[in-house]
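In what follows, subunit A forms one complex with subunit B and a second complex with subunit C.
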Partner chain A sequence: MLAFKLAFKNLMGAGLRTWLNVSVLSLAFVIILFYNGMIDGWNRQSRRDTIEWETGKGQFWLPEYDRYDAYTIKDAHSPLSEEIQAEVKKKTLAPVLIAQATAFPQGRMQGVILRGVDPEQTVLKLPASALAASGDTDYAIIGKRMAETAKLGVGDRLLIRWRDKNGTFDAREIQIASIFKCDVPMVDKGQIYLRLDVLQKMMGMENEATLLVAGSGFGNKTLQNWEFKDTGFLLSDIDKIIQTKKGGGSIIEGLLLIIALIAIFDTQVLSIFRRQKEIGTYIALGMTRTEVVGIFTVEGAAHSILATLLGAVYGIPFFLLLGNVGISMKAAQMTDIPISETIYPYYSLSLILVTIILVVISATIVSYLPARRISKMKPTDALKGKLQ
Partner chain B sequence: MENDSIIKIEKLIKRFPVGKTEFTALNGISASFGRGEFAGLAGPSGSGKTTLLNIIGSLDSPSEGDVDVLGNSVSSLTHKQSAKLRNRHIGFIFQTYNLLPVYTVFENVEFALLLQKLSRSERKKAVMDALEWVGLTDKVKSRPSMLSGGECQRVAIARAMVKRPDIVLADEPTANLDSKNSHHIIQTMKNLSRELKTTFIFATHDEKVMQYLDRIISLEDGKIVKDDVKTDSKPQDHVSI
Partner chain C sequence: MKKIFLMVASALLLSFSLPDANMILDKVDKNMSSKNRIFESEMIIHGRRTSRTITSISYSAGNKQSFTEYLSPPREQGTKMLKLDNQLWIYSPSTDRIIQISGHMLRQSVMGSDLSYEDMMDDRKLTEIYSAKVTGNETIDGRNTYILELVAKVEDVAYHSQKIWVDTERFVPLRQEMFAKSGQLLKQTTLSDVKQVQGRWFPMRMVYKDVLKEGSGTEFRITSAKFDQVIPEYIFSKAALKQ
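Take a look at the complex of A and B:
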């Protein structure tokens, strides 16, 4: 307690030097929090969107299916059993039939993926109800990205050509019934959504699907011939992207922290050099060398506590503002990364605590290193202020 | 005097390495000091005065011989034990005062008591008493930078005396003071020594100080050349404690 009291007294007494160090450290602290908060906010948003729009609470795949290999689509289809159909009726499962095709927007040729979905499904956020209209026209829905790249609008007609299960080419004109906005590129880019029964008929695969998306009410049931893929597996790509981003960010954070810590280290070295008489006086007054080392270490470490407090003074309003207005990510929208137009940073208690602990421990270590010299100082030399 | 000795020095030798050779700062010193003695070590620069004070104060250790302070052999004390000895029983007064610049007068004097873990009220009373002895109760909240040299040294005396030590070691306490302040400081210390039975040992070559001392040990080249006990040192003003 005495060490803390003395350390804070000395820090305050050092005036501007202390506040310069504290300012640099607090800036590092706030930037670390800001960056990690932004990544965490993005992570939460992209996971939530991907679950809502693409993966659901998990998916059932046929053993032949591989989402990274388009060649597997042709053979990965299976009839929907009565058990599955019952779940579909309960809206706890959403079957999806997938097929490759070529679209010809304004006479150009573009490879696309056709996805057949049940217009009544509620497992995914996909606005499939727009496909419900019946008649002579085959309606389709597409995402905003697809609409922009193919220059399509609502009501536009689009020629598509595909090969059915027997390998026979066929072609048909479809009409865009709706364009949805989605932040998950996999759901949007190059994807055309048709009614499940329409696509089944087009492919000659009546009552068949490529995969089944499970909703929250499905539970932990198993389905014969189908393999369950949980969200951990389905979101692993996002996790990898986030980890990569965090890794890149941690280099910048590390550099910032190192700059701040070098400033503290430098101050401590200078302080011990300049305050030898004071160190000698502490020892003459009855402090042990270990206690004096403690004072100087706590003094250095106290920079981090002041930095945390200072960071809170300007960081909290800044983070609250960002939490409300968000950070625009429009430029990143056209990439394959699931990212929304605006990211709302997320600052968890664990993130704040871990960052504080990181800053305090690093500051303590860089303060202790120069302070160790005190234990080797001869008190008589220290009292004279002799250089060592 | 021998029987009441609180400091006993036996054949003390202190050597310092100087390059590849050694310099002998103290060469076979033997002496003892009794409780309440007001003594001084006199001699030219480099005669070993400060070295002897440092060893008595357990800030340094003998190369040979023994120094016994209040029953503790200085050479056999651990760092922790010597720190405790200094904290409880020895006060230091330095030529350059060595006050802690960021602390107030009160806090500077209080510092020694913080290490003794006394209660706040006990500390306050002791500090105010000490400041009263040196006449600085009106400077409680001042920082050292706001005080004159004489006032700083009086704060240093209060800091040394606040724990009522058995021994006070003063290294050239008047070297930075003018004549008037020097007399006042020495007079104050002499009164405190008498009232509290504190042993004062000075390292000095200041004639003004010497006229107050009851005993002057003259050192030359690390040896005692004269040990002079006076009977007619200057009379004291009374300090009420």
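Take a look at the complex of A and C:
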């Protein structure tokens, strides 16, 4: 307790020097929290959006299907069994048929993926009900990105060409029924959604699908001939991106922390050099060397506690503001990364605690390292203020 | 009554005067197909702003084996393409690698032209894949032609139906239109500069046009055509790609 009292008394006595160190350390603390909070917010948003729009609570794939290999699409289709059809009726499974095609917007050629979905499905957030309109026209829905690249609007007609299951060319015009806004590029870019039965007919693949998206009510059932892919597998790309971003961010955070810690280290070295008489007095008064080392270590580590408090003073209002306003990510939306227009940072208790512990421990270590020198000092020389 | 009789009579007369479509197709196949062939050609790709000319030499045997080497421009020089059955490999000298083209990549255009790799690969005889009927006559560039409508009789065919205009004397197609299953016109080919080569009539200039795409199409000019030659077997091997 004495060590703490002395430490804070000395810190306050040091005045500006202490506050400069504390300010730099608090800045590092706030930036670490800000960056990680932003990444966590992005992670939560992209996972939620990808589950809602693309993966559902898991998917059933045919063994031939590989989402990274476009060559597999041609052969990956299978009839829907009665068991699957019953689940589709219960709206716990959403079958999706995938086919490759070429679209010709304004005479330009553009490779597209056709996805057949049930207009009544509720497993995915996709506004498939817009496909339910009947008549001779084949309606399609597309995402905002696709609409922008192909310069299409609601009501526009688009000529598409594809090859059926036998490889025979076919072509027809479709009409854009709706344009949806989605933050998952895989759901949007180069994708055209048609009614499942329409695409099945176009491809000559009646009652067939490429994959089945499971909804929350599906449970843990298994389906013959289909392989279940859980969300861990389906979201592994996002996890990898987040890990990469965190790795990149940790370099900047580390540099910032090192700058702050060097300042504390420097202050400690200077303190021990200038306060030799004080050290000698402590020992003369009966303190052991370890106790004196403890006082100086606590003094250095107390910087981190003050930094946490200072960081809280300006960090809490700043984080609350960001939590309400968010961070604009419009530029990043043009990439293939699932990211919303605005990210709302997420500060979990574990993140805050881990960051505080990181700052306190690292400040304690850099305070202890120069303080070790005290244990080698001769008390008589220290009392005289002799350089050692 | 008289009118109906006249119409029926003229229709019957027309059907009797038109030759058998399969016979025409057979003659077309005899002109267009051969045991093997060596072509030196120029492919002129008309883009939106400029045109590019690519020269090549190609060796083909039946409809299963084909080897093409691009001779110019310098950027494409040395690029080689080998087709064996349904497989296609491309060798690029800049990367010194052989890449197999399959799946949807076969539908990509060849060097930005209006021809896809699949178009170049599918060269089965028309009589093997289409049922034909003669629907009329027309004159193209001063040549009388039969108009034939072809409908696929096999399932694995790229174009469900075609319409071709065949020269009545030389039995060479002068125009070809390819249709989707829905009846949508997809591609048009105009064939001209018909010359007699080794006893057969052959069009030395072809213009391919993907009608769904903007642009003036791709011109294919044959500068030298040799049929039924002795082509060494090693030409149709992957080893030849890197030579």
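Note that in this section the second predicted complex is superposed on the first by the 388 of 388 C-alpha atoms of A that agree within 3 Å, B and C clash if a C-alpha of one lies under 4 Å from a C-alpha of the other, contacts with A are read in each partner's own complex, and residues count from 1 in each chain.
Note that in this section a residue touches a chain if its C-beta (ideal position, glycine included) is under 8 Å from a C-beta of that chain, and two chains touch if they have at least 3 such contacts.
What you see is a predicted model; the values in this text were computed from it and never measured.
In the superposition on chain A, A:Tyr71 makes contact with subunit C only, not with subunit B. Once the two complexes are laid over each other on the shared chain, residue contacts for A:Phe4 go to neither subunit B nor subunit C. By the touch criterion defined above, A:Phe228 reaches neither subunit B nor subunit C. In the overlay built on the shared chain, the residue A:Phe318 is in contact with neither subunit B nor subunit C.
Once chain A of one complex is fitted onto chain A of the other, the partner contacts of A:Gly280 are limited to subunit B, with no touch recorded for subunit C. Look at A:Thr288: by the touch rule set out above, it reaches subunit B but stays clear of subunit C.
Touching subunit C in their complex are the following residues of subunit A: 70-71, 73-74, 100, 102, 104, 106-109, 111, 159, 161, 163-164, 166-172.
Interface residues of subunit A facing subunit B in the complex, by the touch rule stated above, are 2, 9-10, 12-14, 277-278, 280-281, 283-291, 378-380, 383. Within the complex formed with subunit A, the residues of subunit C that make contact are 102-104, 107, 109, 152, 155-160, 178, 180-182, 184, 186, 210, 212-214. Within the complex formed with subunit A, the residues of subunit B that make contact are 54, 57, 59-60, 79-80, 83-84, 86-88, 92, 94, 96, 98, 100-103, 107, 111-112, 114-115, 159.
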